[in-house]
Each structure stands twice: as structure tokens, then as C-alpha cells.
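These are the structures in question, set out in turn.
Below are two complexes that have chain A in common, paired first with chain B and then with chain C.
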Partner chain A sequence: MDLDAYVACPECDLLHRRQTLPSGGVAKCTRCGAALYRSPRNSLDRTLAMAATGVILLIIANCYPFLSLNVEGQFRETILITGIVELYRQGMPLVATLVLLCGIVFPFIELAGLVYLLLPLKFDHRPWRMLTVFLVIRAVGPWGMTEVYLLGILIAIIKLTSMADIITGAAFYAFALLSFVVAAAAASLNADSIWQRLTVRQ
Partner chain B sequence: MSENEQGSSTIYYDVPQAIVRRGSRFGLIWLIPIVAALVGIGLAVKAIIQAGPTITITFKSAEGLEAGKTRIKYKDVEIGKVESIRLSEDLAHVTVIAKMVKETEDYLTADTRFWVVRARLAAGEVSGLGTLFSGAFIAMDPGQPGKTSRDFTGLERPPVVSMDTPGSYYYLRAADLGSLEIGSPVYYRQIKVGQVVSYDMTDDGSAVIIRIFIQAPDDRRVRENTRFWDAGGLNVTVDTKGININTGSLVALLIGGIAFETPMNLAPGEEAKPDHTFILYSNRDQIEEPVYTSKLYFITYFDESVRGLVKGAPVEFRGIKIGQVLDVRLEFDQQKLVFRTPVLMAIEPERITSTGERHLQSDQLITKLISKGLCAQLRTGVLLTGQLYISLSMQHKAPPKEVTYAGPYPIIPAIPGATEEITTGLANFINRLEKLPVEEIGGDLSVSLKQIKKLVDSEQTAAALTALGQTLTQLQQFSATLNTQTAPQMSAILDQLHLTVDQAQKTLIAAQNMTDSRAPLAYDLQQMMQELAKAGRAVSVLADYLQRHPEALIYGKGAPPP
Partner chain C sequence: MTAARYGLVGCHDCRQVSRPRPDGDQNKHACPRCSASLHPRKPASIAKTWALVLAAAILYIPANVLPVTRTTHLGSSQTDTIMSGVIYFITSGSWHIALIIFVASIVIPALKLVVLSFLLISIHWRWQWRPEERTRLYRLIAAIGRWSMVDIFVMSIMVGLLKLGLIASIEARQGIFFFGAVVVLTLLATESFDPRLIWDRMEDR
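Take a look at the complex of A and B:
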């Protein structure tokens, strides 16, 4: 039996036969309605592009000034990592680690991992330890919380505007975009096609 | 693939297989990462292009400076940021490493100045109060375009004048700094037109060179013959004119100041070039004295004390100042072992209006005058301060003298001063006193006394004294006999006299009663009374005499006793 010809529902495990989808179409479970797989068109390309953009944005967000505060002549320029360092200095190493992981490290692992996986696949190569990397990406994905971090920063900015002049830097915009790009990359990632390639080339 | 085909294993080979065409590997979606990458590269390139030079500034202390936080500003625009602060290897100062913006590159030259702006109170001005809240920052004064530099030494205090202020710098040469400070104002007609920028000692330490800045357009007022004077502090001068107190404005009194003026008695000179060196006079009076270009130098040797004669003391002729004392020294002649006090003075012949045809050079004239009896004399100017001045006068009585020279200077002979005359008189008197042969007299006296003593101690004297004692005893005995024998007779005579006088008195009273005072008889009586009184006096004299010389009764009056 050609295993590739069938697909199991990720929710209720009902086996379906694969069939060609129209462009942009979605195959849904006949029993529970969960999405089985999407039209594979451009999925890899889109995800790779988003992941690459994300990596670039993340680098920008970490290298350039994030926010500048001017409180009565006291001038303070911050980069993305400054807040985490401050948390650590103020005796909250656990919180700092959590923010560092969720805000920067996990999104970076996810995006970089995607690039690592998808770039060779696009050229029909099989990356080294593909399965491990993909599992890591899957595990780390939910922990990437750039949008939460961004929301926290936005709230802080809104509260501070009454007290201080705040100048947002390039990194801030890069980070804001990043949270969308991460979401887009996650959305466009067709895990099914990865699994397919994993099985096909094994 | 279709559902039917998937379901069956039958392959229809006559159905042509579609031509598979690979899709474009680079879809539109790739624009997103490309744009992101371009933006990122753009930012990076911008950062690299705009990266200004990294400079090091050396300060004595990093007080108020923070790495990553302290800004470098020019006209309050941020032009750089302190990246790190390090101690120098010898711990003597701190090195501040700062990243500047690109625009400053051309201005980071050797004369670019950096200093830390903190709140400070100096030179009558309060500055940098804003830094109390914002923290210190480093200010820059861009240098003139020239040789670029990356290592700077920070100033410890803000420069007084920034490079872009139009104006000119000048140098003033002064004997001492007085109350001047960096930032002390420079006044022209009591309006502040500049400041003291720096000061330094000359290499040999003989004077102070003060650098001042006069801002445009007032630097045009500085002419080559402009006079600067110290207008600061409290200027008290004591000279032959008395006590003179001079002060400028209150600010100048506190922090010193310089004023300048072009004297009206001189033709306005050329506009002074920048960095021209002027002399800083110590007070205004000095600049107002007309300047005499021609000077004649003379020396006078005084043998008296010149205490109170200072440099600059006037030289007067008939009470009119014609010059001044330049130097007072003490000389010692090692051969003759004598001290002399040469006083160098300058006489300004232009002060004297000469009439008549001038056929002699003024120096020849003065030497001629010296040979005719021109003399110098020390005189007291103000008794209170004891200031002396030199008075020149013509002593026609003095015999004509040959003019002598001390080095290049002709010597004006000295005559004793007024004080000197008194002291000389006193000294002469004392000299005469000293010349009295006191010792000789004393010697003579002691010799005489010795002789007297010898005489007194001799036997002859003792014998003579014994004889004298005997004589005296005899005399005593004699007078005793006189007393016992002569005195009763005497008293009898006296009694008789008394009686006679009584009778006369009675007769007189009777006569008075009988006669009128106006009658001739009264006159006669008066005469007679006078006669009687005379007689009485004679008797009394006689009685006296007898009392003293009872022997007269025996030997008669005038005969000497044996």
C-alpha cells in the first residue's frame, strides 16, 4: 500500500485518501472538520521567505537602537537586550531568562531552523538531521512569544509617554514586523509537506 | 493525479503525460525577505558610512561622566557619545573614548577643545545649571580646519572664548597677575568688550604674559598706542602726591579686570594687529602720563640714607617734575672700603620748554649745567610716608667742576639734603662733644685730689690744726672775759640812751603841743628829729659794732685784733 496516498486526521485519526487540491484549497476531515493538508503551492517558498525575513528582522532588531528615553535631560538609549539585562541586574534572573527565551531565543531558533530546513529542501537536498531540527522547531514554536513581548513594550511606551520623550528606533519597527512575520511563517508552514519529504527521501 | 487514477492500478500509456514545468523558484513572495535584507543592509551601510571617528580625550577626572550615556555636544546638538572610560596606565588621569558623528570629522583638528560641562560658578557667571538634572556632558569647541587629530587633552575649565566668536587676541605683558583670572573682563569705557583668555609666565619668569580676547567690532578700538591698565581690585598707591585709592566696577573689584584706552594726547595709531603685545600698566594714572621719548640718564652718588627713595620717585627742578628715579643701588668699593648709593635717574628734556636759540644738544646742555653747579639733593616729599624725591638745583656758589662719568652716565654731584643738613649739624655737635678731652680733665682732677689728700694727711697740717685749736680756745676765753666785763658797761650806756630818748620824746610831744605843724618851728623840729634819729641810728650802729667788736672800746675802731 502506498502510504503516501493516505493521510490521517491529526485530530481524530480518521484515514483519508489524498487527492489533489485546487489552488489555495484545504483538505478537511470528513468526521471532525480539522484541516488535513493545504494546497502545497508555494507553501515552502512562502515559509522560507518569511523565515528569512524573520531572521533578517531579528538581526536588525538586536543591532540597532530600540528606544530612546529622554526624561528631563536624562538621556537613555536602549537596545532590545537592554531590558532583559536590566531585569537580570535587578535580581530577577528567572524572569530575565524567560523573557530572553520567549522573546528572542525561541523565535530565532524557529526561524533559523526553518531556513535551515527549507533552503536545502527547496533545492531538493536533504538537510542533515532534518527530523531532529523539525521536531525542535515544532517544540519551540509555541514558546516564541514575540507578539507578547511587543505588547508588553507597547504598554510600557504608552505609560511612559506622559513622563518622558520616547524616540523609537529602527529595531523597534523591525521587532514589530517580526511578530507578524513569525506568525506568517508559522501559518504558511505546511508541516504535511515536510513530513511527506521526510518519508519520501528516507 | 485524480481520484480515479489513484484508486486503480491501471496505467493508460496512450494518454500523453503532461509536460511538467518547474515553477519559478523565485516567486513574488521573495520580495519580502529581499526588502528586509535591503533595509537591513541599508541600515548597516548607513551606520558604517555615518560612523564618525573615534577619539580619545584625556581628562584629569571622570567626574560626572558615564560610559554609554554621556554625550558630546556642540551648541547643544549631540555630536558624539562616550563609549568607554579608562584610567591611564599611570593612574594620573582618565581616558575617555568617544564616538563622534561623521560631520565633526573636519573639525577634529589639533586645536579642537573639549571640556566637561558641569554646573559651575566662576568669573562672576553661573553656567551649566542644566547639567544638575541631566548630568554632565562634554562640550566641544571645533578647531580651525587643519591637521586632523584623534587624541585630545580635555580642558579642566570651559574656554572663555569659543573659536567662532569674531574678535582678536592680544597679549599683555605685566609685572604680575594681580587679581586677574581667566575670564576676567576687559572694559572699554566701562563696557565689557572682552575677556582674559589665559595667562602664562615668561620663560625666564620675569613677567606675566596675559592673553586677552577683544570681541569684534570693539577690537578695532585697539590701536598700536592703546594703553591697557589693570582696572581690578583695590588699587592703593602711596607716592609723593599722597595716598591714592582707585577702584573699578564691583565685578572688577571682585574678580579683577582690565581696561584700555587710547590716550587723547597721542595721535591715534594704526589698528593693532592680532597677537600684538602691549604693556599692562598697573593703574590708570600711569597711562595718562605723557610719554616722553627722549630721555637723558644721570647718576648721583648719595652718601646719606636713601630710605624712602623708590623707583619712579620724581626728579624735580624747582618743584616741577622733569624726570624720575630709575634705579637705586648700593655699591661697595672693595679697594677704598666705602659704600656708595648710586641713583640712576632719567630726565625727560621734553618736559622743559627751552627758549632762545638752541645750539647745543640737550645732553651737552645738561653736562654744561652740571659744570655750572647743577646739584642733586634728597628731599622729603610726604612727611607721613617718608617718601623721598630728588630735587635738582643750581648751586652757583659752588666752584665750577669737571663733569665726571660713571660708565655712560654723567654724574650729578650730590649736596646734603634738608634732613641731611639737620643730621649733619647734630652730628657735628656730637663730634665736638666727643672731641672734649674728658679723660684728660678726669686725669687732672684725680691728680689734684690725690695732692689734696696728701696735704691733708701730712703732719704739718695736723700741727697747724692743733695750733688753730689752741688759738680758738684762747679766743673763747677772751670773749668770755669780754662778756663778763664789757657787757655791763654797755648796758649802762644803753640805759642812759633810753633815758635821753624818752626825754627827747617828751620834749617833742611838748613841742608838738606847743607848735603848729605848719610853723617853721615844726620844720626845725622835724629836722632836729631827723638829726636825732640819725644820732640814734649812729648810736645803734655803734652799739652793734661794739657788740661785735667789744675790743674796739680798748683798741679803738679799725685796729685789728692781735
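Take a look at the complex of A and C:
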């Protein structure tokens, strides 16, 4: 029995024989309906493009003015990290760390890691420490929450417009785009094909 | 037939199916592809999930009772809990914001605790009832769980922007720490739960 030809459902453990999927297809478990494996179109190129775009957007989001506030003649300009630093100063180091990790650090590790893996693979080279890097990407991926962060930013803006003028900066638009780019990168990644390139260890 | 029935183990991460060597300790078997340690089911899933659910349920109380913010506006200041913040938005006419915060911060964490407890009890009593729907319930809370972080992100933006001393400022209070702990614990609880246990009970028949 060639075990590579089989896949066990991650949610109900039913054993399935792998089949070749049409481009863009998803294989689902016949018993519980969980997604088993996918075959996104042009997976490598698309994911690489999205991840590289994401890295650039994340850098812009961290360097340029994010939001400014104008109330009663008082003006205050912030960058993305300002609120996190302020939470830390107010005696909330753990909450500040949580926001920093889920909002900025984990998405950056995921995007930069994907570029590191996929760029050499595109030219048929095997990146150094491929397995370790991919395992790190898989571990931090679910904890990256740029889309939730974006919703939080929008709610904060709506909350504050009742008492102040809010001016959105370049970093705000970069972050808004970023949350879509992260989702697109995750959707186009074919994890199966990366695993298959990792040869069996002796 | 499940992989376990064939004596096979599917890697929880890379999905590679492999057969543990019959002489070796089944719990020390490593995935031939990604070298993760393999277990037929997540180890101590039920005990871990119960522990995280109970811890989150206890912290859910201070998260909702203690104030999460202190707002100063033109010299007067007031503290708000998550719920009083929601009520403030209903009364000020922003019912859609109130709804998002209410669902993300109050309903979703509670729903996750109720659903996980229900699934754990159903496994304990070996229910045969609708395994497919119960798996879907698990998939639902796994998908929506991350959105309860939204209030923490809102806070991180507000404290950074609104810092104009007595004119207008906002400060985080201890409630937000407990709320953050609830969110992280419920996310970990969802991750430690193994939905395959729902289906194992079906095979016991």
C-alpha cells in the first residue's frame, strides 16, 4: 500500500485515496465535508506576488503617518505602532504584545517567509532550512489577524469622528490593502505542493 | 474506514499518512516528511480543552465586570465596561457599531465556551447524534473565533490617537487584560480540541 496515495481527513480521520484535482478545485471529505486538499490556479506565482506585495505594504504601513487627530485646535499625529507603545506605557505589556504579534509581527513573518520559500522554488532551487521556515509559517499563520485589525481600525475611526477630525495617512491605506493581500496569499498557497517538494528524511 | 482502523496516522500538519513501526512506542512516532511527532489523536485533547474552557469561563467574569477604558473629555472622566460601551453606542445612534462590538466581544467568546463544552460533553457521553452537524459547529467556532480580537485592536488605536490630556484622552483599564486572556484561551481551547473524537464514538458501536 503506497501511503503517499492516501490522505486522512483532519477532522474525522476517514481515509481517502488522493485524486488529481482540476485547477482551482477542492477535495472534500465524503463523510464530514472538511477540506482535504486544494489545487489553486498558478499557486506559486500568485502567492509569491501577493507575499512580496504584502511585505512592501507592511513596511509602508509601519513607516508612514497612520492616523492624525484634530480636536479643539489640538493636533496629534500617530504611526501604526503608537497605540501599541501607549498600551505598554499604561501598564498593559501583555495586551500590547498581543496586538504587536497578531497585528504586525506574525503577518510579517508569514509574508517574508513565503517570499523566502517561493522565490528560490520559482527558479527550482531549494531554499536553505525549507522545512523549518515552512513549519514556522504554518504555526504563526492562524495568529496573524490583519483583517480583524483593519475592522478595529475602522471602528476606532468611526468612534472618534463624533468628537474629532480624523485624517487618514498613507500607512492607513497601505494597511487596508495589506489585509486583502494577506488573505489572497493564504488563499492561493498550495500547501500540499510545498510539502511534496520536501523530500523524505533519511 | 478511518486511518486509525488501518493502524495509520495522518500528520496533523502536513497530512502525510504513515504507519508507526509495530515495535516502537506509538506516541514517539515521527512524521517521515515533516518530522513532527505523530499521534493518532491530539494528545490529552479532552483534558486540555476542558482546562482552557474553564479558565476562560472564569476570566470571562472580570473581563465583563471590570472597566476596560477610562475616557476623559473636557475635564470630566468616566470608566466603561464592554457592555456599557455597547449601550453607549446604541444610545448615541451608532447601533451598527454597537452590534459589531456586542457580537465580537460578548457573543462570540460565550458561544465558543458553550459550543466547546457541549462538544466535550457529547464525546464524554458517547452520543451518536448528528456527528456531521457537530463537526460543522466546531468548524464554525474555529472560523469566527479570531474576530473577538477586534475590541483589543480598537483599544490599541484609540489609546494612541486620543491622548490630549484633559481635553480628550482614553486609557486602558485592567478589564482589557482579562478580556485579552479570554480571547487567547478560547483560541487555544479551539486549537486543542480534536473533532475526530466525535467520529471515534460513532465507530464504537
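The rule we apply is simple: the second predicted complex is superposed on the first by the 159 of 202 C-alpha atoms of A that agree within 3 Å, B and C clash if a C-alpha of one lies under 4 Å from a C-alpha of the other, contacts with A are read in each partner's own complex, and residues count from 1 in each chain.
One rule holds for everything that comes next: contacts are C-beta pairs under 8 Å (C-beta built on N, C-alpha and C of every residue); 3 or more make two chains touch, one makes a residue touch a chain.
No experiment lies behind these values; they were computed from the predicted model shown.
Shared-chain residue A:Gly103: touches chain C; no touch with chain B.
Within the superposed three-chain arrangement, the count of touched residues of chain A is higher for C, of the candidates chain B and chain C.
Shared-chain residue A:Leu94: touches chain C; no touch with chain B. Once the two complexes are laid over each other on the shared chain, residue contacts for A:Ala187 go to neither chain B nor chain C. In the superposed model, A:Arg76 lies in contact with both chain B and chain C. Shared-chain residue A:Val26: touches no atom of chain B or chain C. Once the two complexes are laid over each other on the shared chain, residue contacts for A:Ile167 go to neither chain B nor chain C.
Where the contact sets of chain A with chain B and with chain C meet, they give residues 72, 74, 76.
Interface of chain B with chain A (complex): residues 1-3, 6-7, 23, 25, 27, 29-30, 32-33, 35-37, 39-40, 43-44, 47, 68-69, 71, 130, 133-135.
Considering their complex, residues 5, 17-20, 42, 45-46, 49-50, 52-53, 56-57, 59-60, 63-64, 72-77, 122, 170, 177, 181 of chain A touch chain B. Contact residues on chain A toward chain C in their complex (touch as defined above): 3-4, 6-15, 31-34, 36-37, 67, 69, 71-72, 74, 76, 78, 82-87, 90, 92, 94-96, 98-99, 102-103, 131, 135, 138, 142-143, 145, 148-149, 151-153, 155-160, 162-164, 166, 191-192, 195, 198, 200-201.
Contact residues of chain C toward chain A in the complex are 1-4, 6, 8-10, 12-19, 32-36, 73, 89, 92, 94, 97, 100-101, 131-132, 135-136, 138-139, 146-147, 149-164, 167-168, 171-172, 176-177, 180, 184, 187, 191, 195-196, 198-200.
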